[in-house]
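Chains here go by letter, A, B, C and D, matching the order in which they are written, and residues are numbered from 1 within each.
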Amino acid sequence: MNVELSRRAFLQTAGAGLAGTTLGAFGFADIEAAHAAAIRSFKLANTTETRNTCPYCSVACGIILYSKGDLRKGEKADITHIEGDTDHPTNRGTLCPKGSALLGFVKSPTRLQHPMVRKPGSDKFEPISWEDALGRIARLMKDDRDKNFVARNNDGVTVNRWITTGFLAASASTNETAFATYKVVRSAGMLVFDNQARV
Amino acid sequence: MTNSWTDIRNTDLVVIMGGNAAEAHPCGFKWVTEAKANRGAKLIVIDPRFTRSASVSDLYAPIRQGTDIAFLLGLINYCIQKDKVQWDYVKAFTNAAYVVKQGFTYQDGLFSGYDEAKRDYDKSSWDYDIGPDGFAVVDETLANPRCVWNLLKKHVAVYTPEMVERICGTPKDRFLKVAAMVAETSSPTKAMTSMYALGWTQHSKGSQNIRAMAMLQLVLGNIGIRGGGMNALRGHSNIQGLTDLGLMSNLLPGYLTLPTQKEPDLAAYMSTRGFKPLRPNQLSYWQNYKKFFVSFQKSMWGSAATPENDFAYDYLPKLDLPGYDLLRAFELMHQGKVNGYFCQGFNPLQAAPNKKKVIESLSKLKFLVIMDPLDTETGRFWENHGPYNDVDPSQIQTEVYQLPSTCFAEDDGSLVNSGRWLQWHWAGGTPPGKAKRDTWIMAQLYLHLKELYTKEGGAFPDPIIKLNWPYADPGDPKAEELAQEINGRALARVTDTADPTKVLAEAGKLLPAFAALRDDGSTACGCWIYSGCFNENGNNMARRDTTDPDDAGFYSKWAFSWPANRRILYNRASADRTGKPWDPSRKVIAWDGQKWSGYDVPDIAPTAKPDQVGPFIMNPEGVSRLFTRGMMRDGPFPAHYEPFESPIVNPVAPKVRGNPAARVFEGDMAQFAEAASKEFPYAATSYRLTEHFHFWTKHVIVNAVMQPEFFVEISEQLAAEKGIVKGGWVRVWSKRGSVVAKAMVTKRIKPLICDGKTIHIVGIPLHWGFTGAAKKGFGPNMLTPFVGDANIETPEYKAFLVNIEPAPGPAA
Amino acid sequence: MPADDLKPNEQIHPGKPVIVDRYTIGARINHWITAASLILLALSGLAMFHPSLFFLSGLFGGGQFTRFIHPWIGVVLFFSFLGLFLRFWKANLWRRDDGTWLARFRDVLANHEDNVPEVGKYNAGQKLVFWSMSVLIVILISSGLVAWDQYFSQYTTIDQKRLAILVHSIAAVAIIGVWIVHFYSAIWVRGTISAMTRGRVTGGWAWRHHRKWLRELVTRSSKGTGSSGQKPAK
Amino acid sequence: MFPPLPNPSTTETAPRFSEKDLIRRSASTVPAPEQQLTEVAKLIDVSKCIGCKACQTACIEWNDTHPEVGVFAGAFENPPDLTPDMFTLMRYSEWDNPETNELEWLIRKDGCMHCADPGCLKACPAPGAIVQYSNGIVDFVHENCIGCGYCIKGCPFNIPRISKVDHTAYKCTLCSDRVAVGQGPACAKACPTQAIVFGTKDEMKGWAAKRVEDLKSRGFANAGLYDPPGVGGTHVMYVLHHADQPELYSGLPKEPRISPLVEAWKGVTKYAGLTVLGVAAGVGLLHHLIMGPNRVTEADEERAEELTEGDSHARR
């Protein structure tokens, strides 16, 4: 955007009048010294940028994830900072109090890390492998479906529905997740199916 | 949203009612402040509380929660009385002139056809007179007393400023100030935008709240134009997308509907859907329904969906009830009729009404599966957390799986914002621990299930085994693959219907747009309204071109907007009957004698003649509806109904309790406080605060710092009456439960006088629970009633009755 | 009556010269703790008082430690001085002769002590030093507590703190001034320092500067009111 | 719309100002910089502020501070006050305007004003712990800070706070690290309604004038810019609807200046004190030179011997 380009140029002159004069004379050591003296070194230097959108409300502000490491190069990526994307037409780089603290969501101490199971009557979660968890859930689903599937109603009409197991879908998962979910849920004949639009 | 966030900059008047945009959508609200600063636009906020939106408004009007329809019909009445109507618009683009059947009546709060036992209407009288030509009868002169306009005039006449004050508690002079400002926008060169959210939807008549404003906007000629529109701010980042994609009990993607058991085959199903035009020359776009449906079936079951088997029509489950929404799901669970339940990024223990009932319901499940990035309360409903979750784990036999999923920062994909923009995002971080993408989890679950059915057989395995699963790695579908599937693909060569030599898509290629969909099985498309999002031009959702000619606010090359990259819905209505923009400075599209063109993708065929084809192409009439025929369960016009728990008796229909067509489960009615209850004298409402997002950000330390602890807000007057001090503990209880909270005593809530009675309001924000970084707290859903909107079953969180007293702190 | 001026430990040891006990070991330790504290406080305080003296913080291992230790030394000083106060306050009560002494202060400065009234244990100048120190230390400890942000910031307003620190600075200057007087006097009046180092002075010193005190000691010992069990030294 | 702040660059950039641009340095002197940087400023338009606290969370996130989760204390201010981990704070005040009978919810973002005449710097005893650049930024240099809290007493706005962890003073840096690479402060970037904008001081004044005009057209006759001359002007300024009554905004001082007590302390006392002490020492020295020491004479000793001998003889 033109305004922003001129703005950038403007800030360069406004931020300091010395860019053209003494900047050239700056050696690396000088930069280090200046930083050590007072100004914190710029923490986004040499990080990887990734474009994303805020997962909270439906304004869907553009955000930039800054990470150490680059997923696209097959590296592990650790997100170190998130801020608004000025290029985004809606938010123009701004973020609300939730969006500005998104890093805390990614790094929340209460994020789930491992599949867990709580057995009937137990007062705790226990770790379980993905394979065991998925196998067991599929078994529970199949047993319930086979037992309670309604192929025909009392009038003999084919209805092919399963209403003893239900699925609540999210409000912030991607369209792609939603579609994959839709296919799995509907193909099983589930009707007890809702999302968070209502609440 | 009919318009987009960036379009709000073009408005002259913003009305925030049924929402709190500054607080819940701060970055979208930016465009309100821009309109104010650059155009001199005004902001009106109508809310029971003086909100953060109100803090920057030009005019604030208080209103009792649950009385929006009275206020809005009062505004329509004012506009009609003062002749502040954009007549050309109303006559050309609404059904004002349509003549309604004999037999339609409204009396004592009820429309014709009411069946008290069923709490439902026989809606056959809610329709137009159909002439011998098969078209609706129209009286362009509006002289016919049974034309929609005259019925409307009569219907709203009772909502005088005095009646508005009596019902809503809004002082008459203040209502008149609002009305005068709103009425000004009936000028073709003035626009008003309506910004609303859950403050309107979370009522037993939520849909009608919105309809009332939509009708007002039609009367003022503010739909389809820049700076106008009905703008649902929406809650979560992809609630629009999940709804568009039909993740609801009764929907298929793209607002197609699931068959009911009264529709045994495709022909029966189609007989009630492919609407024929009700007026000459109209597009009635739903005539294409079958193309959308068949293409969807092909995307689901591929080669197993054939013309011979009605395109796998029987693979779809058939409904026996209107829907199995959240409330019904918990009701059935409570009755012990549900054995398994999945929560994918949803925390119903916090989010659903009447928490006690929810805990009892979950305790009756055999298994519960949680897929979430966060440690939700629902996943731990069986765990004792003192007064915050007072359960005995040993008595709960539910097997619970807690599966860690990734968050936004760790997956690729698209989300749909409230302005219907599909925006792609990219993963930037490695998931923590063993967390997996939801697509991986769903694929793995499916493959496990499929394997069991393949090996063991079982109840009707075909739709599972034959599900189209065309991904390079079946165990881990990629977001791009799914997006392409949603966009749709030609299964055989598709040519233009008018010109068969023109190829729209070769076999195997991505479809350019939904216009290429066919009903013969030659196209597959997951969600027709999204078609065009990922075509042979590439991933249009990932577009990042910010050009915006003339700063009009469209950003047509940024991402992709459904349908067909259209940024303002009904944009044909921005121009008059001859195709000339009502306001040249607000042009969206214009007719140049040959075709439509302008900033946006026209909402009608580019060559549809302006004087023939109406702008509202999804309606068989081609015009918008002030009278909505039988489309709504609770009436073709909105009418004021009190909330199910109301501090006063309905002044306009004293015999009617709540919304007469809203579903109430057996036993729940007994759990409502009576109208004007002495035991529960205060009108409570629940809401969000800007510092938090739903139940998520209490897991974020920084946000927990910003609002650490559960509190309720009351007026200085109520605090004085009850001896409640600022920051002190209070107990708040309803007929369903009790919570302990700290008190915020504020000038921002003031008592209202309704029907001669002083009504105190108790505000209850909802963000706290028993997991996360914030202090443990109760939410309002210990208190809320288990009843939803008559049409879409959104629970009535915004209006219920409570009592309050000073209290010692929580026991734990 | 002169009894206030006399302590049981103050004994006269005849000989050449005569030796007079002036301070017990306890009093001396007490004094030197106070003295050390005061000097450390002055140094650390001055470091934070004027930029040109900030280098003094180097004596304490840097500004942070200077800031940390200064108030704690102040607490030590306060209690230490409290000990001195309890020991000496009676001997420092103002007497009529003190006024006369002061009035003839020129003679004192000119080393002509014969022209002033005979002095008891303390002369008026010493008494003024004592009472100035007492008052200033109370002012310093109380204003110091107000300015001691690490523990007490929440108890006062910023304006109170501003006033406190101004008062603290002025009082500190004053007390250093008093200290200079005290210190200089000790050097100027030769033979004084041994009172606080060895605890004793010569009879000549007592005769010259505190003749009345000496006479009273003599009188007391002749009446046998001294610490009778104590054997005179040598 | 005010031109939004650009996205940060991730390539290593040399800072555009440094030690060489200091115009003041606490408890020490600096040579006059070779050139004057353009003065920058943050403009906080209170009339556009929705009190959302995005500035607070952006500030925490950018500066990597860790405020504690507190409790609800009956007000929206959270934390209840500025802390060493919370450099900026929304303050809320509910005011019934007696002229219009309308409730006004006046919300102000509190934080360092970056005064042209900074009281904190004036009060600071530690050389180089507080510095002022010629672009107007007043910054704390933690390795030089001794944690004495004098800056708190010096500040007319009650802003700095001492950390209980490292015992140094903290406050808003105007995101000097961001400004140094041509960015704006994190709060200004985040602010959803552009109630916070950042640019040169002149530009901010111009923008403020437009805002004041808009406010006046909406009936706020006393709308105006808050750039208090008592502290030489500030590099964080407010647009207020009631500029005649800044104290309505949670006690924003009407005519802020460095407290006379602090001026006295850091002015006359500082110099007079040293003078007094110097004079005292000098007088002593002079006296000694002129009068010489006061020595005990042989005669004195003899008199003492006579006195005591008479006495001891009597005893024997």
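The working rule: a residue touches a chain if its C-beta (ideal position, glycine included) is under 8 Å from a C-beta of that chain, and two chains touch if they have at least 3 such contacts.
Not measured: the values here are computed from a predicted model.
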{"item": "Relative to chain A, chain with the most remote C-alpha centre", "value": "C"}
{"item": "A-D or B-D, whichever has more C-beta pairs in contact", "value": "A-D"}
{"item": "Centre-most chain [mean C-alpha coordinates]", "value": "A"}
{"item": "Inter-centroid spacing, chain D versus chain A (mean Cα positions, whole Å)", "value": "39"}
{"item": "Inter-centroid spacing, chain D versus chain B (mean Cα positions, whole Å)", "value": "49"}
{"item": "Distance from chain C to chain A - Cα centre to Cα centre, in angstrom", "value": "72"}
{"item": "Euclidean distance of C-alpha centroids - chain B vs chain C, Å", "value": "84"}
{"item": "Chain A residues counted as touching two or more neighbouring chains", "value": "48, 66, 82, 84, 87, 91-92, 94-99, 101, 104"}
{"item": "Residues of chain D touching at least two other chains", "value": "1, 52-54, 56-57, 60-61, 192-194"}
{"item": "Set of chain C residues in contact with two or more other chains", "value": "none"}
{"item": "Pairwise chain contacts, counting only pairs that touch as defined", "value": "A-B, A-D, B-D, C-D"}
{"item": "Residue ranges of chain C touching chain D (in the complex, touch as defined)", "value": "12, 14, 16-18, 20, 47-51, 54, 57, 62-64, 66-68, 109-111, 113, 147, 149-150, 153, 158-159, 161-163, 165-166, 169-170, 172-173, 176-177, 180-181, 184, 187-191, 202-209, 214-215, 218-219, 221-222, 224"}
{"item": "Residue numbers on chain D that touch chain A, as the complex places them", "value": "1, 3-21, 34-38, 40, 52-54, 56-58, 60-62, 64, 131, 135, 139, 141, 173, 176-184, 186, 189-194, 199-200, 203"}
{"item": "Of all residues in chain A, those that touch chain D in their complex", "value": "3-4, 6-8, 10-19, 21-23, 26, 30-31, 33-35, 37-49, 64, 66, 81-87, 91-101, 103-104"}
{"item": "Contact footprint of chain B on chain A as seen in their complex", "value": "1, 48, 50-62, 65-67, 69, 71, 76-79, 82, 84, 87, 89-92, 94-99, 101-102, 104-106, 108-123, 125, 128, 130, 133-142, 144-146, 148-149, 151, 153, 155, 157-199"}
{"item": "Of all residues in chain B, those that touch chain D in their complex", "value": "22-23, 26-27, 29-30, 33-34, 36-38, 40, 50, 52-56, 58, 60, 690-691, 701-711, 725-728, 742-748, 773-775"}
